[in-house]
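Letters A, B and C mark the chains in the order given here, with residues in each chain numbered from 1 onward.
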Amino acid sequence: MLPAIFLPPPGDVLRTAWELARDGSLWVNIAASLGRVLLGVVVSAPLAVALGVLVGLSRRLAAVLEPIASFFNALSGIAWLPLAVTWFGLGWTSVTFIMFNTIFFLVFFNTLIGVRTVPRIFEHAVSTLGGSRRHLILHVLIPGALPSIVTGLHMGIGFGWRALIAAEMIATSTGLGFLIYNAANFHQTDTILVGIVTIGLLWLGTDRFILQPLERRTVERWGLVSTAP
Amino acid sequence: MRALRHRTIAFLVAAVAVWGGWEAFLSLTAPRRVDAAVAQALHREGRANVAVTLGFAPEDFHIRLFQSHGVVSGVRGTTVLLNRVGADDVGRIARYYWVRGITLQ
Amino acid sequence: MTVRWDLAATWAAVLAVTLAGWGLAAATLPVPDYYLPPPTAVFAAFGDLVVKGILPTYIAESLRRMLLAALIGLAAGVPLGLVLGMSRRVADFAYPLLNFFQSVSGIAWLPLMLVWFGFGERTILVAVNYTVLFPVIFNALLGVRSVPRLYVNALRTLGASRWRIVRDVLLPGALPSIATGMRLGLAYGWRALIAAEMLVGAHGLGFMIFNAQAFHLTARIMLGMGTIGVLWLVLDYFLLRPLEEATISRWGLVQR
């Protein structure tokens, strides 16, 4: 059969998984990767929504900024890494910056689109009833844009997670990406496979148990879904 | 499907036309870059030691590229000295639009 | 194609303001020169790299790899997805597997590919093709499964052969999903390509910006980033999005 270095038998992989779990290195790296995702979401999503709503209030401004936001979407993730390393050096700042960027632009863009597709009649209804700008934003625009926002979040985390793994291979010494890339240097294919399975399971879990239900609930509640690249 | 007729088809047609035109341009200008002496040397021996002149000082990129065509023996200013280059490779080097000329060392 | 001059004028104005602001920041911010090169430096880098033949070569490399992945995705992924989707039992079995493999992007497989194939073109191609293939297969499968059985049965009662059913009902019905799958797969694939080029270093735009960082050639980094973004926008706007929209408008019912 193939030499073990190419495709280790499942038994080896399980054993390595157990060892990595036991000596803690697996958890440390999982925590590092997930922590960066969380940090990226917590820092950039609210900012992106706020800016998206603000810009979306003015139709003119929105029409102008949309292609710019679209461009930065196309640029998401790993392409920022060399610039980030130039500015921040190697390490977790650069890598988290990648996460931040990816999520920020996708959420901003989708918020923008979401706000713009809220039918004008709702805005007029609110002002007819004597509502203030704040009412408009809180009770019409944000709920109306919510399906788009959540879709943006979903895509942002999806693209961001992938970019994160790649960035961890290049620019830092913790995280799942680093774990598997480092293992490749020592031809430790069993460790690589453990890492790969972990990465897949983590995304599957996040997608299935957090993001998709969230998306479904907001769509059910506030209706129409519009997606963006 | 009619929308395709506008954006995508136009784009593809333009892309193919530009690419075809460019390749034709390269084929036309390539022979002019090769010095007659080089052609003779190739004819005689099959391989030649050439000096490739660029319009600028070569970078890593260029050196590495030339290493796939022959043995780089030195760089003099804007010229790269390349040894044991076969006829095919001379042809390929001549097709790089940024190469000014290929002469015998 | 109508050109909206008012919109174009506004964009031009915004672009001018952005460039001016950028230039100002580059001149006044108290950071080392290589942190923020002014727009002029980026344009100069563009001219420089085109004259030297570097930028077109790298663009061609990256596009070539992408084209190959698209062709393989189309030629291999679509039929595979269709076949897997045709039988309910097979589809139910394949669904979680495909979902899992889609969740592991090609880049995560890169270290394994490095052990198997080393630092070369093959490693990049395997990673990128993998990344493109799975969303295509997955969406093709979903597309086939989303065709209402009613249509299949209707054709069956009219005596159609299996092949006719595939050609006239399943394939068209699945086309919107397939187009979406291609678009998604290529979106992931393009990003995976850049990352792979950075890690493996066999030319390409990813390599260009990664290499430029080592020499603090920040203008080249920005140029590369701009090129990467613009290339994707062009591909998406002229090829992928029209294709998706055309299939949706023609073959209709898409549950997204």
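The rule is simple: a contact is a pair of C-beta atoms (placed from the backbone, for glycine too) under 8 Å apart; a residue touches a chain by one contact, two chains touch by 3 or more.
Worth saying up front: this structure is predicted, and the values here are computed from it rather than measured.
Novice: More C-beta contacts across A-C or across B-C?
Specialist: Taking the two pairs in turn, the one with more contacts turns out to be A-C.
Novice: Using the mean of all protein Cα atoms as the middle point, what chain has its own Cα mean nearest that point?
Specialist: C
Novice: Could you tell me the distance, in whole angstrom, between the mean C-alpha positions of subunit A and subunit B?
Specialist: For subunit A versus subunit B, the centre distance works out to 44 Å.
Novice: Determine the centre-to-centre distance between subunit A and subunit C, using the mean Cα coordinates as centres, and give it in whole Å.
Specialist: 17
Novice: Mind checking the centre-to-centre distance between subunit B and subunit C? Centres are C-alpha means, answer in whole Å.
Specialist: Measuring from centre to centre gives 30 Å for this pair.
Novice: Please list all residues of subunit A that touch 2 or more other chains.
Specialist: Residues of subunit A never touch two or more of the other chains.
Novice: So in the complex, which bits of subunit A are touching subunit C?
Specialist: 5-6, 60, 63-65, 67-68, 70-72, 74-83, 85-87, 159, 162-163, 165-166, 169-170, 177, 180-181, 183-184, 187, 189, 192-193, 195-197, 199-201, 203-204, 207, 225, 227, 229
Novice: Once bound in the complex, which stretches of subunit C touch subunit B?
Specialist: 1, 51-54, 57, 237-239, 242-243, 245-246, 250
Novice: Taking the touch rule as given, give the residues of subunit C at its contact with subunit A in the complex, in rising order.
Specialist: My answer: residues 7, 10-11, 14, 34-35, 99-101, 103-105, 107-112, 114-116, 183, 187-188, 191-192, 194-195, 198-199, 206, 209-210, 212-213, 216, 218, 221-222, 224-225, 228-230, 232-233, 236, 241, 256.
Novice: In the complex, go through subunit B and note every residue touching subunit C.
Specialist: Interface residues on subunit B, with respect to subunit C: 1, 3-4, 6-8, 10-12, 54-56, 59, 61-62, 96-98.
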